[in-house]
Structures are given as C-alpha cells and as structure tokens.
Amino acid sequence: MQRIDNKKPQELAEAVVNKMLAQDWFSQWLGIEKEIVAPGHVRLRLRVRREMLNGFAIAHGGIAFALADSALAFAANGYGHVSLTLESSLSYLKPAREGDVMIAETEEISHTKRTAIYLVHIQHEDGTRIGLFKGVLHKTEQAHFPDMQN
Amino acid sequence: MQRIDNKKPQELAEAVVNKMLAQDWFSQWLGIEKEIVAPGHVRLRLRVRREMLNGFAIAHGGIAFALADSALAFAANGYGHVSLTLESSLSYLKPAREGDVMIAETEEISHTKRTAIYLVHIQHEDGTRIGLFKGVLHKTEQAHFPDMQN
Amino acid sequence: MQRIDNKKPQELAEAVVNKMLAQDWFSQWLGIEKEIVAPGHVRLRLRVRREMLNGFAIAHGGIAFALADSALAFAANGYGHVSLTLESSLSYLKPAREGDVMIAETEEISHTKRTAIYLVHIQHEDGTRIGLFKGVLHKTEQAHFPDMQN
Amino acid sequence: MQRIDNKKPQELAEAVVNKMLAQDWFSQWLGIEKEIVAPGHVRLRLRVRREMLNGFAIAHGGIAFALADSALAFAANGYGHVSLTLESSLSYLKPAREGDVMIAETEEISHTKRTAIYLVHIQHEDGTRIGLFKGVLHKTEQAHFPDMQN
C-alpha cells in the first residue's frame, strides 16, 4: 500500500504504463482507456466495436483476453521492473456485444521478488462478469527507469 | 478419421468454417488465412502487422491468443454443432515480431458428446514455438446446418 | 441464495456431500473435515501429516490440489446433479508444512444449466494464501437423489 | 540432448531425483515407480489402490495431479537447480479405476535460464489418455549438488 506522502511508487507506475502504452499499437487499436494505474493495480476499459466481433456476433475471445493481458502487464510492470507473462488463462462467463463497454480490473494475488500472480476481472459496466483471467509473470532484474528505481 | 468416400463431414466442416469466418470481423482484421480445415483439425496463419505489436515491440499476447482461439472454434464447430469455449490457457514461449508469420494448428485431445479439449500449437514458419494454447469447449445440441447434419 | 424457509436445497446439498464423502476413500485418507456445506459453497480443512510432504519438506502439490478438488466437487454436486470436472488449475503461493491446517473455500464464479466455474481459495488458518485453484465443470442431467430434486 | 560420452547430466539427474524421492513421503505413499529419469524427461507410474478412489469409485483427481506434479518436479529439477512450480493445470479425459496402472510422462515445451514449461501426458498402459497436465516452473539459482554442477 502506497502512502500519501510517498509519490514515488505511484509516479513510477504511471511513467511505466505511459511509456508502454505509447508504443502499444494494439492496445491503441483496441481503444483502451486507463481508469486506474497504480503499482500492482490497474483498471482499463474499451468499447466493443463491430470489427472486434466473431462469427457469433459477440466480442471475439481475443478481445477480452487482450484487454486483460494489457491490464496484467501494466499492473506488474508498474512496480518498475520488466515483467513478462509466462502463462494466462481465461474463463468465459457472459458475452459482450457491439457497443458494450468492457472493463478489466486486476487483483494482485501474489508478488515476490521474481514472480507475480494476478486475477483480472472482466466485467460489463453493471458489474456482470464477462470473463475471469489469471496470469503468472516472471519479473526480470531490468528496470524500466533505472533512475527512478530505488 | 474421415473416409475418402465420405465427403459429408469434410463438406460440413468447410461450410461451418466459411459461415463463421464470413461474419468474424476480428479474424478478418487479423488477416487470418486458412491452411487446413477439417472436422476437428484446423491450421490457420496470419502475418504480424505493426498495429498488432505491444509496448515491447513484439506481437501482443492477444494476437497469438486470438489466432489460437479462432483455430479452436473452427476445429470444434467443424463437426457441425455450436460449440462454445469455456476456458483457455496460453503459455508464452518465444515472441513474434512485425512481419513474422504466425501459424496455429489444432491437436484434438478429447472429443465426447458434450465436451472437447484441444491443444493449439502456435509457431513460426520454421517450427519455432511461439505459444502453446489449451482450450476446453462445451458442445451444444444446436446444429449449424440442420439439413447437412446426420 | 437459499431462503430461511426453504430447507430443501440445503438438505439436498448435505445429503449429496455425505453420500460422496462416505465413499471417497482418498478424501478420508486426507482427513478432510467439513466446515461449510451448502449448494455451491463448501469449506473444507485438513491437517498436513508427515506422509503428505514432498522432497522439499512441504506439503506435496497434490495435497492442496486434492483438497481444492474435493471442495469443488462437493460445491457443484451439492445442487443435486452429477457434475464432472473438465479442467482445473492451481497457482502455488506459499508452502504448508507438517502440522499446518490447510483450509479450502469455494467461490462460485458462474453457474449455468450445463456448466459451472469456481475459484477455490486455499489458505492457512491465519488467512495466508497457500494456493489459488480454478475449476470448470460439466453438469450432467443425472440426479444424485431423483426423489429430492425439483 | 545428452551425448553418449557425457554421463554427467544423466548422473546429476538421477542423483537429484533419488535425493528428492528419498524424502518425498507422499510420492512414496502413492507407490510411484521410476521408468525414465533423464535431464528434462521423466516417466513415472503407480497402481491405483482403493484408498486413492473418490466418491464416484474412480481415482481422485488429486492422484493424477500428484503423479504428474512429481514427474514435472523431477524432470525440471533433474537439470540440477532447485525449480519450483508456479502454476499447473489438469484436463480430465478418462477415469482410472482400482487396480489400473497410471503412467505420467513429461514433454518439455520450453526451458530457459529462469523458467520452464512442460506438458505431462497421463495415460493407461494401453495408451488411453487419463489426463493432460501443463506446468510452469521458476528455476532458482540454487544447485542441488553444487559439486556436480558445471
């Protein structure tokens, strides 16, 4: 938990996510918007467009996965070290349709020196679950901003 | 295994995949091309474009997942009944970069009346593994083409 | 949510779990004790014995998995229909050692006519997480107690 | 691939597995027998006993998981460094009954400096699949036998 008098971790998380998102052409194509960005905690949203639908006229599984995957990457990298996803899983709960807003919020389950595990809850605006995503990451020793890192 | 003198299952698989792909705007955006389409067996490919990259300049995890997810859906639905993915997981092995071709081929692990399990191998053209995907589906009683179904 | 004036679902859940556990020799070997049994919600516990340890002197991964797997089966079958696990995953968070109590509590994520998805939280008595388990089930049409089922 | 003129990796793998198994009381209770032990490749077997059954009179999911989990641990640790499982998943394919032999064989999917990914194929003696297991490990820098390690 970050204290009110210590802006460093929060500043670092925002700097990392801004840097990652600025070069993340696919997240930009998805129209991902940031709602929360903090160390280990991110909430993102997107609006489902026609070109995101599959043959059943619902959002393609790759859309929910990509949104959750971006949230996961931003949450874990926000601590400042390059963190790479090893394994992710997605449980499908309810479909999203054209025009729907899809929200993905991370829940940090575990966070050690070299590894991290997150759930990502993917929901409609009314809280109905779209999917449940779980991701396992490997944290490298490489800092995103060596100057900002303690 | 489909016999040489029985074109029905093969025709049904092709009809289902063509119908699904014709309305699958996201698979179209991905530029997915069919290499193999048969009942329970599909191989697809796409070429990684700049707009598919993430902030590490490699293909976003959502791209490999979406390609594998489409392959899974086409393979399972190719038997003729509407089949819905319950759960998928993706292990990340090697990155793909702009211009690379990404190939996803299904391997049927299990296929019962109501459920199916597949691996999807995601690889570079030279056979290097990009990812390993596993999907679990629920098969409904609804036929894609009631007239063609035995 | 079961109402105070409707004991049927609760009675059915208890009858199903008692029947399952009476013939579940492995859960008995594990020393599993029931703390909560309700439709879709179960909490179980066991005490880690020496013969449950692996070569690192911590509880074997199979012990946490088996406890969570039993909790999952009891929670889903407690609605009254035979429900079979299709796929489960376990994330390892902290070890448990000889003498430790291990508690597994289900969280129902989704529950439809034919499928169900649960998280199972595996923890020490003080709430420290040991593992996070996710399970996907297929619900059959076969009733455990046809006479009790509505 | 280990060469015929280089016994060191093979000797190291056997030494590690023997050390781990000698203290692995649960694998011993399971009656696990080694069929293959090599760096990154292990095949184990056990015979299903009555006390391994669940309430459906088939082997408890925890038994197949534990067998595969031991195979995974032995395969990865066999390279000589302490390797810890982060995440495992098990797909259930066919049941095993009392008296059946259950065989688990690892397939190495990926093996880098700090991480490894394996499939474990769980089968009957006739090759019928019982389950498909996938595991992701973190490899630490700690050697099992510092003197034997290159």
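Letters A, B, C and D name the chains as they come in the text, with residue numbers starting at 1 for each one.
Quick note on the criterion: a residue touches a chain if its C-beta (ideal position, glycine included) is under 8 Å from a C-beta of that chain, and two chains touch if they have at least 3 such contacts.
Keep in mind that what you see is a predicted model, and the values were worked out from it rather than measured.
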item: Far-end chain from chain D, centres as C-alpha averages; value: A
item: Same-site or different-site touching of chain C by its copy chain D, using the half cut; value: same
item: Inter-centroid spacing, chain C versus chain A (mean Cα positions, whole Å); value: 30
item: Inter-centroid spacing, chain B versus chain A (mean Cα positions, whole Å); value: 25
item: Sites on chain A at which at least two other chains make contact; value: 86-87, 89, 91, 117, 136
item: In the complex with chain A, residue positions of chain B that touch it; value: 19-30, 50-57, 60-63, 65-67, 69-70, 73, 84-92
item: Residues of chain C defined as touching chain A within the complex; value: 89, 91, 93, 109-110, 117, 119, 129, 132, 134, 136
item: Of all residues in chain B, those that touch chain C in their complex; value: 86-87, 89, 114-115, 117, 136, 138
